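Read through the structure below, which is laid out as structure tokens, and then see the notes.
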Amino acid sequence: MKKRKSLSYAKWGYLFILPFFLCYFIFSLIPLFDTVKYSFFEYFRSGIKEIGPNFVGLENYKMLLQSDMLKYGLNTLILWVIGFIPQIVVALTLAVWFTDIRLKIRGKQFFKVVIYLPNLIMASAFAMLFFTMFSTNGPVNSILMSLGIITERIDFMGSVFGTRSLIGFMNFLMWFGNTTIMLMAAIMGISTEVFEASELDGCNTIKRFFYIILPMIRPILAYTLITAIIGGLQMFDVPQILTNGQGNPDRTSMTLIMFLNNHLKSKNYGMAGALSVYLFIISGILCFIVYRMTNDNDPDGSKAAERRRKKEERRRR
Amino acid sequence: MENKNQNRVQSIVAHVLLIILSFMCLFFFYILIINATRSHAQLQKGFSALPGGHFLENLKNVVNDGTFPMIQGIFNSLLVSTCSAALSTYFSSMTAYGLYTYEFKLRKAAFTFIMAILVMPTQVTAMGFLRLITKMGMYDTLLPLIIPSIASPAVFYFMYSYLQSSLPLSLVEAARIDGSGEFRTFNQIVLPIMKPAIAVQAIFCFVGSWNNYFVPALVTQSKDKMTVPVLIATLRGADYMNFDMAKIYMMIMVAIVPIILVYLLLSKYIIAGVTLGGVKG
Amino acid sequence: MKRKSIVMLLAASIAVTAMAPATVQAAKEGKVINIYSWNDEFRERVEAVYPEVKETSKDGTVTKLKDGTEIHWIVNPNQDGVYQQKLDEALMNQADASADDKVDIFLSETDYVNKYVDADADVAIPLTDLGIDPEKDLADQYDFTKTTASDQNGVQRGSTWQCCPGLLVYRRDIAKDVFGTDDPAEIGKKMKDWETTKETAKVLKEKGYFTFSSYADTFRLYGNSIEKSWVEVGETTVRVDQKIMDWVNDSKEWLDAGYIDETVKGQFNADWNKAMGSKSKVFAFLLPAWGIDFVLKPNWDGEEGAWAVTTPPQEYNWGGSYIHGCQGTDNPGHVKDIIMALTGNKEILLKISQDYSDFTNTRSGMQDATSDENFASEFLGGQNPFEYFAPVAESIQIAPLSAYDQGCVELIQNAFTDYFHDKVDFEKAVSNFETAIKERYPEITEVQWPEK
């Protein structure tokens, strides 16, 4: 009797997830297969003439390995770390402060609204603004000079350190507010009873953070980390506009997607396809590692759901 | 007593840091707004902290530029962003609900699949995507910008996490006992519970869609289909002609004002929603 | 008096051109003319001088002609190759497109005109097929513009209304301060070739001035005088000309000596614009007519008449927009008429020159302009720039072109920027260029550098 019932509900399960999968199949999977297929072909456009497609096997993959692809991967990682570490540290701190009732922060609402603002401006416009402001003859240099902090103009975008820092700083500024709001939502989801109990036990702020908040918000933290990694891997607009697509100096700020964009721009379908496949593999590995790290033996949370379901059942009995 | 002192020090540190961060966030908006009020010639002279009085003139330049249908662009962007936000939050909630509540054979496989595609950069499929929608006759329409948002793995993951923490399955059971149909349960009982999560994700989706440049640049061809970021790029790309920096700043400003308004309107709701979620848990 | 006669002539020509084609065409021409371009310049020119124009819609996307035909303007930005991408897409779909969606006219720039006039690609209609005889109808055009718009077999497949000889534009106040005179002839002598210019640069440097703003400023002059094209037809080897290496070496030397402002990187950016302002220490720019009008003028914040032009150290051409009829057009009559009116009609061209200070593609017309004070410029302190433009235009030897020019020029400047600023050594800059060019053009197999 019970079995038949759950079977009839299974139908609903499929029905509920159908639109998502149908849509994904059409708009992502078909194009993905297309991309993968052409990664095995020599296929590009020269001027207005099309060359190929000629089957070349793994030639594209081999050529990419011989290129500077790994260097661009490293660049992407460095740029991401520069932006992400301060972002997560600041966001966690702010989220804890905002949710701490003992800590009376004035104008909480104002600050929340303000820190999220940079996330609203489009990345390309933001990068353009930075480009103008930090140019050698730009306002930032002028201000620093008139304040007497520096005597000679700084060529921010002329040095590897300067360019990378700027990109990291922009990513930080654009995303820390967003992350703060996410984490805040998670912390506020922790029941107040837990906090009250901890307070009675004499838990100080630091202990409370490490032993209560951090473990409790782990799912959202994992979510943040994963979206940040995806975002990092997709890093494009900011370095592209800031360095005018060059990744200067000496291609040290060239990210993987900028590299992909170069191939897409030259209509090199084969090479772009192969690079896409590499990217796909890299992102898969990265996220697998993160799951393992943050969720221990419960990679997708299904076990937790299972446990909960069992508990519910027990309770009902 | 000591505890109190500690709190005070912490409070001061917190305020100082917040003020510095807010300054950094607002500084760039300030410069943008100032620059949008100055003429190109004034901008050439260098940076100034005071507005320049050419606000209306710049605005007129932007709005009256015929090759550059700003109003239409904002309308397109609003349409696309609203629809995307609505579709992605609704269908992702639905998918999350389906995978969370029901037991079925492919459940685990479906979940793993979505988690796997969660990490896929959109640019990866761009090439095939363009070929596909051209074949489907959707090239140069707004549809390819809206429909694919039904499948948003990241939104799904958020919704799923939220359901895990806030939806007791007993509630669904209870609804069934009351004779509520599955869809009705979802629409009338589950969705209201998910409101805070939907609000948060809706604004993220809206912003993401509003600022998206890559895909719209790929699929739109005619001027009346372009969204705001594409239009900005058009203006910027106008080479040596039209090289009016004041106009560009004004453009950026016009492009972000609607979204800031939407945000300010929704931010109250979002913060309230977050609090609501806190009480629920 | 002279002005009046031009207007009269113009009126007459309008009457003639207005009547002739209208009667021929009416038959089976399509209703919509689609024109692809990257900005509004061409539309503004057509509106201003094409006699058939009735009105343009308020948003500037549709222009109605007197015979009821509509011109639809399809404008895409040049930046990041977007224009070429969209145009290529449309050209590839040309055969399947319905009559009203077919591309009828498209524009191209000197940097990539070669790609579109290619005989094998066959996307631009040979002018003779449209019923235009370049020998006769376009006899008054500058020869190098005709060569540029011709395919490898010498068949002309496009035509331009503008001609872009470049000059040396300098600040009068700096000239007076350093040399005691701002007389164009005197300054021209001090800049007559690269050796002399270098001597002059030293003098400027002593007084605290830069000669040019950016190393990119001088590139066109060297790049225009290469002996062989970057890539020969049918080959997959990029050949870097000795002239290009001369530019690299000279730029490095000049930068190290402080003759060029090293904080300005490239062109069309905020720093470059600022170098044109009154507070700048830059003495001169190398610009064509459009450069003075559209770039220098809006960026200059001092009084009018502060600049002057003179002959540059080397003749060069910078820019130029070509009009092409597109294969498969359903409006060949209109296409012919537009090309003829805008590029082969002396009166119309002179009107463009006068109203927009553009240097136009009419030899006799430009000759007339040199001695016509109506063409004097307030911005240049009453100087008549055509006096200097015309001789440069006469002696321009257009560099052999290839379809790869835009990429090569852009990428070599980028690659060596790091070298100029001591971020990488010479060898690394060389290999960076090789990587970048192969990325941009997958079919390129090799890069050859001149022997040192």
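So that you can tell them apart, the chains are marked A, B and C in the order they are listed, and the count of residues begins at 1 in each.
The criterion applied here is as follows: a contact is a pair of C-beta atoms (placed from the backbone, for glycine too) under 8 Å apart; a residue touches a chain by one contact, two chains touch by 3 or more.
Quick caveat, the model's predicted, so the values are computed rather than measured.
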Shortest walk length in steps over touching chains, subunit B through to subunit C: 1
Winner on C-beta contact pairs when A-B is weighed against A-C: A-B
Whole-Å separation of chain centres (CA-atom averages), subunit B against subunit C: 41
Distance between chain centroids, defined by C-alpha means - subunit A, subunit B (Å): 15
Chain centre separation (subunit A, subunit C; CA means) in Å: 43
Contacts with two or more other chains, residues of subunit A listed in rising order: 138
Of all residues in subunit C, the ones touching two or more other chains: 80, 270, 274
Where subunit B touches two or more other chains at once, by residue number: 46, 233, 236
List of subunit A residues in touch with subunit C within their complex: 44-49, 51, 67-68, 131-132, 135-138, 153, 155, 158-160, 245-246, 248-251, 259, 262-263, 265-266, 268, 271
Contacting residues of subunit A [partner subunit B, same complex]: 6, 9-17, 19-21, 23-24, 26-28, 30-35, 38, 90, 93-94, 97, 102-106, 109-126, 128-130, 133, 138-139, 142-143, 173, 176-178, 181-182, 184-185, 188-192, 205, 219-220, 223, 226-227, 229-230, 233-234, 236-237, 257, 260-261, 264, 269, 272-273, 276, 279-280, 283-284, 286-287, 291, 300-302, 304-305, 308-309, 312, 315-316
Residue ranges of subunit B in contact with subunit A within the complex: 7, 10-11, 14-15, 17-18, 21-22, 24-26, 28-29, 31-32, 46-47, 91-92, 94-95, 97-108, 110-112, 114-129, 131-132, 144, 147-148, 150-151, 154, 156-158, 160-161, 164-166, 168-170, 173, 182, 186, 196, 200, 204, 207, 210-211, 213-214, 229, 232-233, 236, 248, 252, 255-256, 259-260, 263-264, 267, 270-271, 274-275, 277-278, 280-281
Touch list for subunit C against partner subunit A, complex: 80-81, 88, 91-92, 115-116, 118, 120-121, 123, 263-265, 269-271, 274, 403, 414, 417-418, 421, 423-424, 428, 432, 435, 439-443
List of subunit B residues in touch with subunit C within their complex: 40-41, 44-46, 65-67, 69, 217, 221-223, 233-234, 236-245
